[in-house]
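Given below, in the form of structure tokens, are the structures.
There are two complexes below, and they share subunit A, which is joined by subunit B in the first and by subunit C in the second.
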Partner chain A sequence: MSELLIECRQLYKSYGLRPALRGVDLEVGPGRIVGLLGPNGSGKTTLIKLLCGLLRPTTGSLSVDGSAVGPYTKSVVSYLPDRMYFADWMKAVDLFDLFRDFYSGFDYQKALAMCRSLGVEPRDRLKSMSKGTKEKVQLVLVMARSAKLYLLDEPIAGVDPAARDFILRTILTNYNEEGTVLISTHLISDIEKVLDEAIFLKEGKIMLHETVDTIREKEGKSVDALFREVFQAAPMFDGEKEGF
Partner chain B sequence: MLLKLLKYDFRAMWKQFSLIWGAALVLALVNRFTLFRDAGNRVRTDSGMLMFVFISVIVAMFVIAIIFVVNRFSKGLLGNEGYLMFTLPVRPWQLVLSKLICGTVTWVGCGVVAFVSPFIMAPVNWLELLQLSLWSEIFTDVFRGVMKHPGVLVLLAEFCLVILSFLVLLIAAMYLAMAVGHLFSRQRRLISVAVFIGLYILIANIYDRVFSVRFVQSLMNMATVNAYGAMLTASAIMLVPALAFLAVVCWILENRLNLE
Partner chain C sequence: MDWKLDDGRPIWPQLSQQLARRIIAGVYPPGSRLPPVRELAAEAGVNPNTMQRALAQLEQEGLARAGRTAGRLVTQDTQVLEAARLREAEAVVRDYFEAMAALGYSRERAAELIKEEFL
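Showing the complex of A and B:
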């Protein structure tokens, strides 16, 4: 529909008097894997929630695939939140039915196949599943869709390094290659190798938006190293004097 | 899309209420054979416990129905499940309408079970009763009566409308109270309860003022000149604020949603 998949103009979002995003201008095209990188409280989740329609901007404009956020954009966005959104009475197959009903691009057979490969029994009640298994089900729901934009909010936070690789592999082997994947995280070293672009978000503003190759060429360092440099927190005391 | 939402709302409702409704009806049937003696129609004193259990189930059913309506909205839309529901390609009004329809049907279902249960429990031999040739005469008489006075059916339909309007108003007020409570970062439940009570006072005050206007009084006198008009007016009086409440709820969910 549009050459740009994400287009933000002077996007501002505040919760009461507290600003979360302050004048974000952003353009992202299709077929990219983009890292939305920033420390806690930098506005990553707010930006993702605005893109998937869970929040309304305070001011500024926002469009996904050329349309203002609404039912159409929700039909082309596949969103992985940073929490569980299941109703206890459901089974994974109930959710697959729901997704098949609402999203034309949901591949039911692929979802079942992904469950098999991830060791999830789709006919078990979600209530009886462990936290890790529920996360897998949620990942299956997101990645079994042929979406234009995948919004993954902290998909690898809170899991061990082996599980991180496993999740990333699942994402990379299952996403629609014509679509764009926006991954928010602060665990950059784990995802750096798969990123095409990186966006640094700090205190609600975009500090940097470049391709990963450009960052390496220009800065002569990895995205992770640059991130540490940009977001280095000033210590509250003199570490050397205190013997640290 | 609304039909698809209704499918999942009704599925959630059925998972919960099929057991409760089933339990109430089975207990009524058990009481039918244990609480009463068929011949003497005397109550067995040793079956009081079953009667108590039955009444408890009916009361519990209505309490659960209220909790169900509250939870389907507060957890299903304003809680973590909202992350799923608000990212579906539907408008917030469709989500609200689906929950409203499902909640109303649930309450009506509970009313039907509560109404039917005493008939199941009554010490009547239904098989004998059903075989009576008298039934054909009764049906014929009823049919003739309705044909002669078709207004009875209209009156019955209007009565149902009044009941439905009351339920819709009640649920809409609950939804609005929860939606307003959701705007605050703390004490959301307490604020919701306060808003619910406040809405009742607000409606009472507004209608008190509106009905004291002479023009409105004369309109009311014209509208309530017979039972038909009176019931329609009663429905309208309840549906107008209900629609206003629902409009505010949809606006809040569309523009002020914050699932954090």
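Showing the complex of A and C:
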């Protein structure tokens, strides 16, 4: 096993002429919960898709658990996409069957237990489920796998605040201890307490990568407050494309 | 008892202070086993590594020690417990004087008010 679970060197990715990542250097070790934080369009999803092999870098290198992204890394990476990709005539249990066939580390019983604790009826069809419930099913699929790297792209965006707490607890109690969880979100105040480290991504570059307690110690404010300060919506004349 | 975490300060010292208060208050009695890290972390809704660090601090202060097999035991040393209780009491007193100073009271007047309240 490699010391580093994620290693990126001068990672660039552009879509046509539009750059999404502009030279990302990143190292993340095992057993960490890491927040990937940044405004819309800052490159969060691009970075996650590169890590799970859905995209190839334009230039630069990245490795997961010491290997270049490929069949091996896909077996140790569990990915929660930012959108739903299942046929809606399926039931949650159908998906569990599918995942059990696909991934050797999928724990069927654990998936059922997580459904129970999240209040999801696994025999309901996806079609009949609300958006939040579908998101819970997706989370169950991802967390019931035994993986080294969990990539969660906006896992809490679509659910109510009470369910959010519950989902965070589910993540906390279900990732395995050597596993690292990378969570992208802009709902920082909800998630800050569960993070070891925070990464601030701005316009395709990493502008900060620190432990949460170090940030609080140095800045005397929460990660959420720092984020609001750093990413204050720039005035229009500044030529900024993002904003809120 | 709920966990209260302020925004402006690192999380682990706040956790270790609240654990210490629970020990002093007898929520975790002397000699008893503390709940496992993961359980405490889930209860407080924090990262297990952060809770681990808070528990290590308790060991440092002598309020807890590693159990023989697994887990942590609350100390039975009454001197250590009394010292911790006094530290926390002093913190409460400091907070009182700070709050009173913010209201414009001198330390002397603040102390008098306490006596009046008490008698």
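Here, the second predicted complex is superposed on the first by the 232 of 244 C-alpha atoms of A that agree within 3 Å, B and C clash if a C-alpha of one lies under 4 Å from a C-alpha of the other, contacts with A are read in each partner's own complex, and residues count from 1 in each chain.
Just so we're on the same page, a residue touches a chain if its C-beta (ideal position, glycine included) is under 8 Å from a C-beta of that chain, and two chains touch if they have at least 3 such contacts.
Keep in mind it's a predicted model, so treat the numbers as computed, not measured.
Enquirer: Should A:Val212 be classified as contacting the first partner (subunit B), the second (subunit C), both, or neither?
Expert: second
Enquirer: Would you check which partner chain A:Tyr103 touches, where first means subunit B only, second means subunit C only, and both and neither mean what they say?
Expert: first
Enquirer: Please indicate which partner A:Trp89 is in contact with in the superposed arrangement: first for subunit B, second for subunit C, both, or neither.
Expert: In the superposed model, A:Trp89 contacts subunit B only, not subunit C.
Enquirer: For A:Ser63 in the superposed arrangement: first (subunit B), second (subunit C), both or neither?
Expert: Neither partner.
Enquirer: Tell me which partner A:Pro71 touches in the superposition: subunit B (first), subunit C (second), both or neither.
Expert: first
Enquirer: Just checking: does A:Gly53 make contact with subunit B only, subunit C only, both, or neither of them? Give me first, second, both or neither.
Expert: First partner only.
Enquirer: Which positions of subunit B touch subunit A when the two form their complex?
Expert: Interface residues on subunit B, with respect to subunit A: 1, 4, 7-8, 11-12, 15-16, 75-76, 80-84, 86-91, 254-260.
Enquirer: With touch defined as at the start, can you tell me which subunit A residues reach subunit C in the complex?
Expert: 31-33, 165, 168-169, 172-173, 177, 193-196, 212-214, 216-217, 220-222, 224-225
Enquirer: Can you check the complex and tell me which residues of subunit C touch subunit A?
Expert: 5, 7-12, 38, 41-42, 44-50
Enquirer: Which subunit A residues qualify as touching subunit B in the complex?
Expert: 15, 52-56, 70-72, 74-75, 77, 79, 81, 83-87, 89, 94, 98, 101-103
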